[in-house]
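Two complexes are shown next, each including chain A; its partner changes from chain B in the first to chain C in the second.
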Partner chain A sequence: MAMLKTILGNLLRPSRTRAPADMPDVPPAYRGALAHEAARCTACGTCAYVCAPKAISFTQDPGLSVSWRFFIGQCSFCGLCAQNCPTQAIRLEAGVPAGMNSAAGDGFRLESVIPLRACTRCGAAHVPLPASTMDALWGSDEAERGYCPECRRWAAGARLRVAFVPAAGEEVRHER
Partner chain B sequence: MNLIERVVAISRRRSPWICRLNAGSCNGCDIEITPLLSPRYDAEQLGIELHGTPKHADIVLISGTLTLRSRQAILDIYDQVPSPKAVVALGSCPLSGNVFAGSPLVLGQSLDSLVPVDVWVPGCPPRPQAILDGIARAASLLEEGATRSQMESLLEGGQGRPS
Partner chain C sequence: MPYSFPLGPYHPALEEPFKVKVQCRGEVIDSATVEVGFSFRGIELLAQKRNWVEVITLIERVCGICSNTHAMTFCMAAETIAGIEVPRRAAHIRTIIAELERLHSHLLWAGVGAEDIGFHSLFMEVFTLRELVMDTLEAISGNRVNYGMNCIGGVHRDIPDPKQHLPALDRLATGLAEIVIPTFTGNPTALARTRGVGRLSREQAVEWAVVGPVARASGLDIDVRKDQPYLSYAGLGFASVMRPEGDVLARVVVRALEMVESIRLIREALLSLPAGPLRATEGLPEIPVGEASIRTEAPRGEAFYYVASEGGPTPSRVKIRTPSFVNIPAIEAMVVGQPLADLSIIQASVDPCISCTDR
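Coming up: the complex of A and B.
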């Protein structure tokens, strides 16, 4: 039955791809062109660490931004970066990268700029967490959203201290 | 350009003959050329014909990492291809060495530093369709006289063979 279906399908469909741009279906798990979403990236460097051919690198504009850089001419499309990115900032799309006339062409290098944000408490520039992570951690109107990692640690410590050590002047009651 | 030259240029685009050169590839890119010549992708619909000898080729497909041992072979074979000629580089390897970069047996340079490359087809390996697209691009560059070797011979005062 399956064979008949295949034969019928082949009869109804052109037997060959007619033009170079006329792409046949790619499998659902096909690893094609890489896409990076700056808003989700925390510049943690995991992708660059797992990439065997070193296709991913970072550059910095101190105090302003971190750039995630990708060179397609060094990528082996293994998909490890997408698999290991903790925030799912990288996707390998089904699109097939097209040929290019020069190696310096824009399509060969991707640059994704992650702007730094100033901490609302100490002012230190830091890479903000992705919005969905912050929502899950603190909800929408929490002051800690704008904190740098250093101040977040301080805020968590302060919360812990309040929970254990009663503030001065407050009467300690032990109810049994 | 007179009429005859025009006809010759058009025929060059309509029937590019290709020659395949493996510079040290893992064979992935070369395997993708085989379906290209099969009925599904059918390279012959563009007049493409695969030839074993570089002396009959218009377009050279170079795949794979450049190794110390293949360097001279690439230069020799490229010289045997009659002008005008175009070069298509397949995959990530000729561009950067890919995962093999840094090995002591691999040249740490892009193919561009050996021969003038006209079209880069990214992928590891590229899909047959992308290779077909790359050959079609190279063929139209040949027609326009815009491949890098044609431009270079133009700059040198037309020392290349007349087209």
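Coming up: the complex of A and C.
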């Protein structure tokens, strides 16, 4: 008798299996595909260094740009890239990535182009620092904002030198 | 007339490859030989070729069920070498994840065990309960498996609102107390297939050096959480579960009561989560020259890690001994004199993890 009651009860209830379109909500902390913000990226390579399955790589267009590349088929969603990025240029999206057929072929790919900029002092192409970092370091109207890392180093050295030997400031010339 | 019978390597009881060569006399097993090594991946060697951050992701893939235990133990070893002390909040979060993982592992095992004795409706009930644990893990870490919570020096993710996870634990506790435990210990079908089956005496347990729930079901009261408390276990007051019978039923009961204890530990840890930082260090880890060996209690028993560093960007040696590596050979002792039909539940009762064993 009890069994019949259970069967009748189950017949009247809706199915417990969900339809493909009726996906459960993912939690806010969900680790989805990566998103990359080129304006914050300094192409330091930390993300590629910590990525065990090598889902992140960099390619170069010499003198013009550096590209940050991501392939979801190799990603293990460990989040180490986002965790270790010194400028917070990478984050894990909360959305569920679309399905993919194989790790070798199709799936979400991302290329984020970081344009190089010519140094305002020596003209060398370089990846600029994120605007917020430059603001924190030098303020908004400092000449060093446009410098390449080499010239920044020179400028810092020159400041130090002038602080110790005020007369030496005019003599030293930096050649590249 | 005696005959030999190869069971496996594919799907001998679980969806993982290992082989049992059985010598039978009629329906009764005379002896058995276990063979493993069908899914060897060479993780220990790979670990020597990856840097300290990548190795955590790699080590997490040693096992799909107890992934956190492996990553956590490796991080603890690296922290010991570098002399880093993990913040208390991070230790609590690690404890919570480790215990949630034990719940999920034991529930998965209970489901597979129910399936092996042909009790399909119990399997469905158990897996519905397991879904609660999986959802909690996903809500905390963002992943359903391979949680990626550990880093050298602490944890990656916080539990911002610990109380949010309590209702799921309550529902789980109710489900365990009302469905899983009464069915396994009271249902005549379940009892007929588990009581007195696959006995491993205390002496045999010592001789075969079994660990974890298998040892505790044979009357050996060993548990790293109690014997050598790590993380927050000393502060949370841990009570281990022990049964003297040594049969499949005892292993079921030990795991079931351990789940109850895990729920208590998680609840206590969630309610007493201390404030503070999540990581003791900033940036990429630098591990000095040194070596460390660490034991932790994985869901299946004691996991042992030996990690050596030569101060470079990669570990110079990572030795992993997983609990299933010692528990699986004990199947040979358990099946002697048992009916052939009970072989699959006896194998399943040690909760063999071939992924861990083969590494």
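Here is the rule we go by: the second predicted complex is superposed on the first by the 136 of 176 C-alpha atoms of A that agree within 3 Å, B and C clash if a C-alpha of one lies under 4 Å from a C-alpha of the other, contacts with A are read in each partner's own complex, and residues count from 1 in each chain.
As a working rule, a contact is a pair of C-beta atoms (placed from the backbone, for glycine too) under 8 Å apart; a residue touches a chain by one contact, two chains touch by 3 or more.
Keep in mind that what you see is a predicted model, and the values were worked out from it rather than measured.
Within the superposed three-chain model, A:95 lies out of touch with both chain B and chain C [touch as defined at top]. By the touch criterion defined above, A:29 lies against chain C but remains apart from chain B after alignment on the C-alpha atoms of chain A. Residue contacts after overlaying the shared chain place A:83 against chain C, while chain B stays out of touching range. Residue contacts after overlaying the shared chain place A:73 against chain B, while chain C stays out of touching range. Of the two partners chain B and chain C, more residues of chain A are touched by B. After overlaying the two complexes on the shared chain, residue contacts for A:108 are found with chain B alone; chain C is out of touch. Of the two partner chains placed by the overlay, chain B and chain C both lie in contact with A:53.
Taken together, the two structures place residues 26, 52-53, 76-77 of chain A in contact with chain B in one case and with chain C in the other.
Every residue of chain C that touches chain A in the complex is listed here, in rising order: 50-51, 53-58, 60-61, 135, 138-143, 146, 148, 151, 156-157, 283-284. By the touch criterion stated above, chain A contacts chain C in their complex at residues 26-27, 29-31, 46, 49-53, 76-80, 83-84, 86, 92. Within the complex formed with chain B, the chain A residues making contact are 15-18, 20-24, 26, 52-54, 71-77, 96-103, 105, 107-108. The part of chain B that touches chain A in the complex is made up of residues 39-42, 45-46, 88, 92, 95-99, 101, 110, 112, 117-124, 126-127, 129-130, 132-134, 136-137, 141.
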